[in-house]
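Both of the next two complexes hold chain A, though its partner changes from chain B to chain C.
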Partner chain A sequence: MKKGYLGIDIGSISTKGVILDEQNKIINSLYIWTEGNPIKAVKTLLHQMKNSMSSDIEIYGIGTTGSARKLIGLMVDANVVKNEITAHAIGTTHFYPDVRTILEIGGQDSKMIVLKDGLIEDYAMNTLCAAGTGSFLSSQAKRLGVEIEDFGTLALKSKNPVKIAARCTVFAESDLIHKAQVGYKKEDIIAGLCKSVVLNYLNNVGKGKKIMSPIVFQGGVSKNKGVEKYFKEVLNEDIIVDTNSHLMGAIGIAILSHKYEDGKKRTLDVADIAFETQGRECEKCSNHCEILRIYKDSKFIESWGSKCGKVS
Partner chain B sequence: MGDYDIPAHFLLSHIIHNKIIKPKPITARTIEIGAKYSPEFVCTPFKYTLGTLIEGLEQGAKILIQAGGGCRYGYYAELQEQIIQDLGYDCKVYNLVTAGKTDIKRIYHIIKEIDPKASILKALYYGRITKKMVQYMDFIDHYMRENIGFEIEKDSFLNLKEEMLLEFSKVKSCYQLKKVYLKYKKKFERIPIKKPERPLKIGIIGELYTIMEPYSNYELERTLASMNFEIKRFTNVTYLLFEKHKKTKQYLKDASDYITYKMGADAIDNIARAKELCLQGYDGIIHIKSSFCTPEISAMPIISKVCNDYNVPLLFFSFDTGTSEVGIKTRLEAFYDMLEMRR
Partner chain C sequence: MDKIKIGIPRALHYYYYGDMWRSFLEELGYEVVISPKTTREILENGCKCANDEMCLSLKLYLGHIHYLVGKCDAILVPRIDNYGTYNQTCTNFLGLYDIVANLFKIPLLTYNVDETHKETEMKAFIKLGMLLGKGKEQSKIAYFNSVQKVEKEKKKKRKLELEKLSSSKKKLLVMSHPYNFEDAFIGKEIKNTIENLGAISINANALIESNKNDYFEFSSSLYWKYNKDLVGILPFIKDRVDGVLFLSTFPCGPDSLVNELLMRKIKMPYLNLIIDEESGSAGMETRLESFIDILEQKKVR
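Let's look at the complex of A and B:
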């Protein structure tokens, strides 16, 4: 029997799972869409991973990260629940110990992590606005009638990327429609979009940060060749994109779950667990907190959201 | 704002004979009505205080008291009076401060107008007690911030503080007040804590209202305490009312390599404090403000530079009426991880 460690990164758009062995080498990995239902996505993910995994591996640690980390952590009985910034940094430094800058663009958020000697020195995360993230690119791909997977290759074909207002998605979209109506070629518009993502990222997330090489670009959007090309062009530096660049968060959290192993064996059979949440608005004072109650096998296990702590 | 309603109520109840309506604690509803009747791009404290005033009017208040400061806060009273009157409430708004200035004569006239029977001697007597009370509260708060993250029994600090404030509100003289304070000071020092030799230390600087009203900063201090930070914060009522005017020159001198002139409100104060925290070896600094706070917006790049020069991590938060709590949590957790790793 071999020991394995599972890392799950549940993002707004996609859910990633990775199983590492005791040497932190990837045994198994999977990338599926979250489709607005993290519980269902994780059930599917674990079911598929279990089926494709050799039967002599036993899971001794589970870590969760990403925006649904807390909920899924409860569901799968995780031993580590950590924010995605730390998870990404740990994952990347495992492969690139001397990395200085991590550019990460995901579905709804984008972040920049500055490292020194393998430790986080500084970080930034996009605020309020989702401009220049994966969900913006995929909605624009739909508008242009292009598969998001082909987006990058199409962008590479362009010789004259159009200029697109990068500050705000709403402006970017109207600018894009205008450029399309005037008659610009599709690949030029797509290339312009990729470039606007890069400029937006550097102006918002990267504002005031020292970008030093080696630079690693990761997150779902790093699979987009167009965005990668314009990062190279604008920064005038070499950019590393790992083959597992979309899995870094999951790898990082799996490494952490290995590090903080508690000796308890865990199961991947969560498909049959009835895991439900129930939301309601508390009427006891004028705060109207949204209380979320969580049930596992119809047994109440935890509640979140109460400001006063007296209501569950 | 924070617990300061207790000394404010204490002072007013002893000076004037009118019925004083205790404001309700700030809730989601307060900010909802505040935001509804405020201009969209006004700073967030305007919305909070307007909400509180309207809730007071709903409870039957006829007289409202507002103050002002050295930034847009200086226009709060007039603008809020206009909004409240447009809403059709029958009330009088008294403004204690205009253009950042006030004097004893003006306050005397306001008191006499509100209650002609008010005794000015009593006002001076209780004014002194209130000043002391605020100072004692701030002393205790200072001690709490350094230690609350390490309490063994949950809420032991907060429960004791509540008890102390209740006794504070019943005192009749400075002597009595001091006795109560010393009694509780001992009790606070006796609360069992488990503090490591070198805890992670964090300094909070920024705009005054957001710093002092926990609801408006999404209980930042409580969250930091639960992460076992030792917290330092400079801004409190003692500082703003009794120390600020003496400190400005010193602050300008301390941070003279970064600033030459005053920038309104607490901007230069925060720049100098950032430098002080860096020099004192704090692990990290968090700067918080409400959205659209102009003096702090101009201070932010300078604070960034200070922290860059001393290589101290800095985290900015800008709170609005609809900030996502999850986002704040993620950034704070990452900040904690980073500070711990740097150690």
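Let's look at the complex of A and C:
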């Protein structure tokens, strides 16, 4: 029997799963869409991973990260629950110990991590607005009638990217409609969007930071060839995009679950567990907190959201 | 006859002058009614009164006024313009009286502070006392007594905040207007989150000393008084904390310029959080958690 460690990264757009062996090498990985239902996505993920996994592997650690980390952590009985930024930094330094700058654009947030000798030195993250992130690109792709997977390749065809304001999705959208109506080619508009994401990132997240190579670009948006190209062009530096760049969070959290292994064997058979959540607005005081109650097999296990801590 | 009740909204400049107003008005023999700590209901009522360009902090203010209507005889809404050249307040503070007078039908008490036109704070308070039918001398004494009392309180608060600096936990300096960070609804959650993550927050506002101000290290041309006061503490505090949290509400004009400037010059880890009406706290938690994680890792070196 071999020991395995599972990392699950549940993002706003996609859900990623990775199983590492004791040497932190990937034995299995999967990438699926979250589609607004993290519980269902993780059930599907675990089901598929279990079917494709060789039967001599036993899971001794589960880590969860990403925006649904808390919820899924409870569901799968995780031994580590950590935010995605830390997870990403750990994943990347595992593969690129010399990395100096990590550029990362995810579905709802973007961040920059500056490292020295494998340790984080500085860091920046976008504010709570999702401008210039993956969800911005996917909503624009929908508007243009293009699959998000083809976005980057189309952008590479363009020779004259149009200028688009990317500070705000609403302004970008009116820019985009205008450019389309006056007759610009679709690929030029798409290239313009990719470039605007880069400029927006460097202006918002990268302000005042020295970007030193080696530079690693990751997160879902790193799969977009157009954005990668414009990062190279604007920074005039080589950019590393790992083949597993979209899995770095899951890898990082799997490494952490290995590190903090508690000796307890875990199962991937959560597909049959009835895991339900129930949201309601508390009426006990004028704060009207949104309380989320979580049930496992119809048994209440935890609740979140109460500001006073007295209500569950 | 019952005492006249004067309402004070627990928002905006309550966090600068609340104690002063209370002490002054009580000394002159009035009953002071302070609106309760912010709740979601107060925020929602404030948003209903507000227009779309007002900042969240002003919306909160209007929510507190809304609460006070019918619970007091008059509400104190001062108009504070400046404390001298290059000591301007934000336009909201300047327009506050007119905004409230237009939105609510309730008697308002007001005073003007406009030092570039020789309207000092002391003069303003004496005028306010006289407006309430009290004598000039009596008002002046009430003012000075209140100033003394408030200064004592401030010193105490400052000392407590400075004591936190000796903690072995990670220290986050929160650069924020007190009406945001000290507010029970928007700021308290952030403070709690920081504490639950095993770090502590240092309230920059509590450290301000009016006679000490070294903002020149960052810019020689700042002119918003409240921002300038905050910037002024940075030189002496920044090496004693692990990171800086810039916390502002959307859309704050002065913060958007001053904080931007600081982020480019401060050369230490910082996090910028801008809060709006959203009720989900996941984004904020992720940012704070990762920021504190990073500070923890940095310390290991």
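We adopt the following convention: the second predicted complex is superposed on the first by the 312 of 312 C-alpha atoms of A that agree within 3 Å, B and C clash if a C-alpha of one lies under 4 Å from a C-alpha of the other, contacts with A are read in each partner's own complex, and residues count from 1 in each chain.
What we mean here is this: contacts are C-beta pairs under 8 Å (C-beta built on N, C-alpha and C of every residue); 3 or more make two chains touch, one makes a residue touch a chain.
As the structure is a computational prediction, the values presented were derived from the model and not from experiment.
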Between chain B and chain C, positioned on chain A by superposition, is the outcome a clash or a fit? clash
Quick check on the superposed pair: does A:35 touch chain B, chain C, both, or neither? Answer first, second, both or neither. neither
Classify the contacts of A:108 with the two partner chains as first (chain B alone), second (chain C alone), both, or neither. second
Chain A residues touched - chain C or chain B, whichever exceeds: C
Going by the contact rule set out at the top, does A:287 touch chain B (first), chain C (second), both, or neither? both
With both complexes overlaid on chain A, does A:269 touch chain B (first), chain C (second), both or neither? neither
Counting only touches as set out at the top, which of chain B and chain C does A:125 meet: first, second, both, neither? both
By the touch definition at the top of the document, which applies to A:208: first (chain B), second (chain C), both, or neither? both
Can you pull the chain A residues that chain B and chain C both touch? 67, 82-86, 119-123, 125, 127, 208, 285-289
Please output the residues of chain A touching chain B within their complex, sorted ascending. 67, 82-86, 119-123, 125, 127, 208, 285-289
In the complex, the residues of chain C that touch chain A are 39-42, 185, 189, 260, 263-265, 269-276, 278-279, 282-284, 286-287, 289-291, 293-294, 297-298, 300-301
Write out the stretch or stretches of chain A touching chain C in their complex. 67, 82-86, 89, 108-109, 111, 113, 119-125, 127-129, 207-208, 285-290, 307
List of chain B residues in touch with chain A within their complex: 24, 27-30, 301, 304, 313, 318, 326-327, 330-331, 333-334, 337-338, 341-342
